[in-house]
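Structures are listed in the sections that come next.
You will see chain A twice below: alongside chain B first, and alongside chain C after that.
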Partner chain A sequence: MPMKGKFPLRRTLRYLERGNVYLRDTVKIVTINYNTLGETHKGARDFVFYNLPQLQYKNQNVQMQTFKNLTPSPFIRCFLNDGDEVLIDIDSKSNTSILEHVKKLLGKSEDILSAERKAREKKTNPANFGREFARECICQVPGQVPCPSVVPLPKN
Partner chain B sequence: MFQAFKTSLCRFIPQCTNEPVLQTGCVYQTVRWRKRRTDPIAKSKIGRVRVPTPIDPAEYKFSLEKWDEYNILINAIRSHCIQDHRRKNKETAAGVSLEEQSRKDEEEWQKLLLWNTEENAKTRQLREARLREEAKREEEEKLQALIQIEKEEAAWLAELEELVKKEKEASKSYITLENLDENIEAALAEEKSYLFGIDKNGKFTLPENTAWTELKERLEQKERQQNEPQEKTETA
Partner chain C sequence: MASHSSRILLGQVVQSKLRDAAKVQITRLVLDEYVMQYFPNKSKVFAFDPKKVTKVGDIVLVKELEAKRTAFITHKIEKIIYSVGNVRDPITGRRCDSKSYWDEDERKKLFEKEPEEKTGLDETFAEKRSVYEDDRMKEPIMSLDRKDWKI
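After this line comes the complex of A and B, so read on.
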């Protein structure tokens, strides 16, 4: 029942649902290097603290890893499908600008998202029958004529 | 007769019945399941020997061997056709062919990568400028510190020199082995009276015409120094 941790609002569904960055399908791993001290790393720290939970919630199949106090300047390194790497320098940037950068570079564009949404609607549409949909035949709907393979149709 | 309906109450329908159960709870029996295995043979069928289905041995052998192959091929062709059909539908729906779409996507991705490198370069420049500034500031501070140290050292040396000077001047009136006899004679000749008073404030009351000339001078100087700051504060 009680809220645990530093900023427990980050653990609420309401907060997590507000994330709007959906990474591309080719992005598999996201690593963030930053330091716990230093004015230039503040943006990176804020990004990890406030925005990373939202990002991970919306991209649950992407591995996100943080590395602390290894390098003098902060950066994000993403590993893509074919072994490609993308490096984002986030020195002295605010967390909002970092998020925008990530969204522009690695995020799915609005038209792709809308197309995916349409496809999902098609799937959830109860009027569709078939192998990839919820029901294969109307005979599976309660109250309809049963499947003729099981119960022969009346002669009339 | 071949289609016999048997009604029964819903709750008495056995869960593992072979007969299909309608939504209304009726048990509907069909011809196939009329005679069980354990039922006795019909009178007309006693003594009947089944004629095995005619099989051409060459055809049979061929079928057995080639059936799998045939299935594999046919299924591959079928799935290929289905995929093709689906892809064509998608393309016509999107309005753009798949190849072109993928080419466009690739172009966009390259553009974004280029933009990313440019942004990184900008950030790098900012960072380098900042680091240069910091290095400059550090250098200046170091220089200032060195200068400060030098100054302090010089001041210290000056102080020491003054002390040495003072001592040198004072040493003129030191009693050494050479002028020991003279000084003893002088001291014996002088009449220094130690009978002088000192009041609560530490002020000496020296007797007149004494040999305490140096002490008198020092005390007068001290008085003068004390009086001067008092006057200054009064005027202020």
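After this line comes the complex of A and C, so read on.
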């Protein structure tokens, strides 16, 4: 049974997981203003159609909203934590260049992402013991030498 | 959502019967797992606005209060982004509609009085203690002096 709708590929999990723009933690709201008619707004329309689901999938805690037919020129307006605003003019740009621009301005850089990935691995890695990890000491693992505070170690 | 330190949201003001708060409708995109598409999901929030700066239909930025004012009023109006019927383009700063930017001189000739522009930034949302501080209650409905009553 074929998939229904315009470009149904964007309704697959694989497509959503392909998104590579992770917005910074300070970005809370992303709004996109564009018109339903007009050549200069075509890039913005394509961005909302193709890239907005990917962006929202990778940034679940960010509120994303679109406004249609409010102003004659399209733009992206982001609201940050401390009340700051970021305005991106997307007039006559293609959706790929808009995405790149957003990634450069508000996206987490590769070093930050890899550092975060390492921190996540460290936590889940069962080889790590300590206060911040799952197990504090190897004595907690069944089959290992019990804690010397509870059972004294043998004399030999 | 307790992990976010200062929670701000964007929404549209909707009609409410509250005297000192505005009801704000917030739409967020929620993924439908079966259809695999994002759909808008509406939620309502009451935002403290004692001076009635916002009109029904305005797009506003709403911020969570540190402590709830009442059981329902949990947020406050931070800023009015687009005033209804009176949209100001943030790039140029000019008033506009979807087709063009407005010519202010022409509009002055056509319209005597334009709607008041309120951004909500310069208004102080000061807490009111007494009921009689309210604008509507400046003149009591009935005189409080007994001699003025005509019985």
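Just so it is clear, the second predicted complex is superposed on the first by the 123 of 156 C-alpha atoms of A that agree within 3 Å, B and C clash if a C-alpha of one lies under 4 Å from a C-alpha of the other, contacts with A are read in each partner's own complex, and residues count from 1 in each chain.
What we mean here is this: a contact is a pair of C-beta atoms (placed from the backbone, for glycine too) under 8 Å apart; a residue touches a chain by one contact, two chains touch by 3 or more.
Nothing here was measured: the structure is a model prediction, and the numbers come from that model.
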Using the touch definition from the top, say if A:Ser73 reaches chain B (first), chain C (second), both or neither.
both
Could you say whether A:Pro146 touches chain B, chain C, both of them, or neither, answering first, second, both or neither?
first
Touch check for A:Leu87: first (chain B), second (chain C), both, or neither?
both
Where does A:Asn61 make contact in the superposed view: on chain B (first), on chain C (second), on both, or on neither?
second
The answer to whether chain B or chain C touches more of chain A is C
So, does A:Asn20 touch the first partner chain B, the second partner chain C, both, or neither?
neither
Per the contact definition in the header, classify A:Pro53: touching chain B only (first), chain C only (second), both, or neither.
second
For A:Thr96, decide between first (touching chain B), second (touching chain C), both and neither.
neither
Just to be sure I read the superposition right, which of the two partners does A:Thr31 touch: chain B = first, chain C = second, or both, or neither?
second
Going through chain A, the residues touched by chain B and also by chain C turn out to be 73, 87, 89
In the complex, go through chain C and note every residue touching chain A.
1, 4-10, 26-29, 31, 35-38, 59, 61, 78-79, 82, 87, 89-92, 96-101
Residues of chain A that touch chain C when the two form their complex
11-13, 16, 28-29, 31, 35, 52-53, 56-57, 61, 63-65, 67, 69-73, 75, 77, 79, 81-83, 85, 87, 89
In the complex with chain A, residue positions of chain B that touch it
20, 22-23, 28, 30, 112-113, 115-116, 119-120, 123-124, 126-127, 130
In the complex, chain A touches chain B at residues 40, 73, 86-93, 101, 104-105, 142-143, 146, 150-152
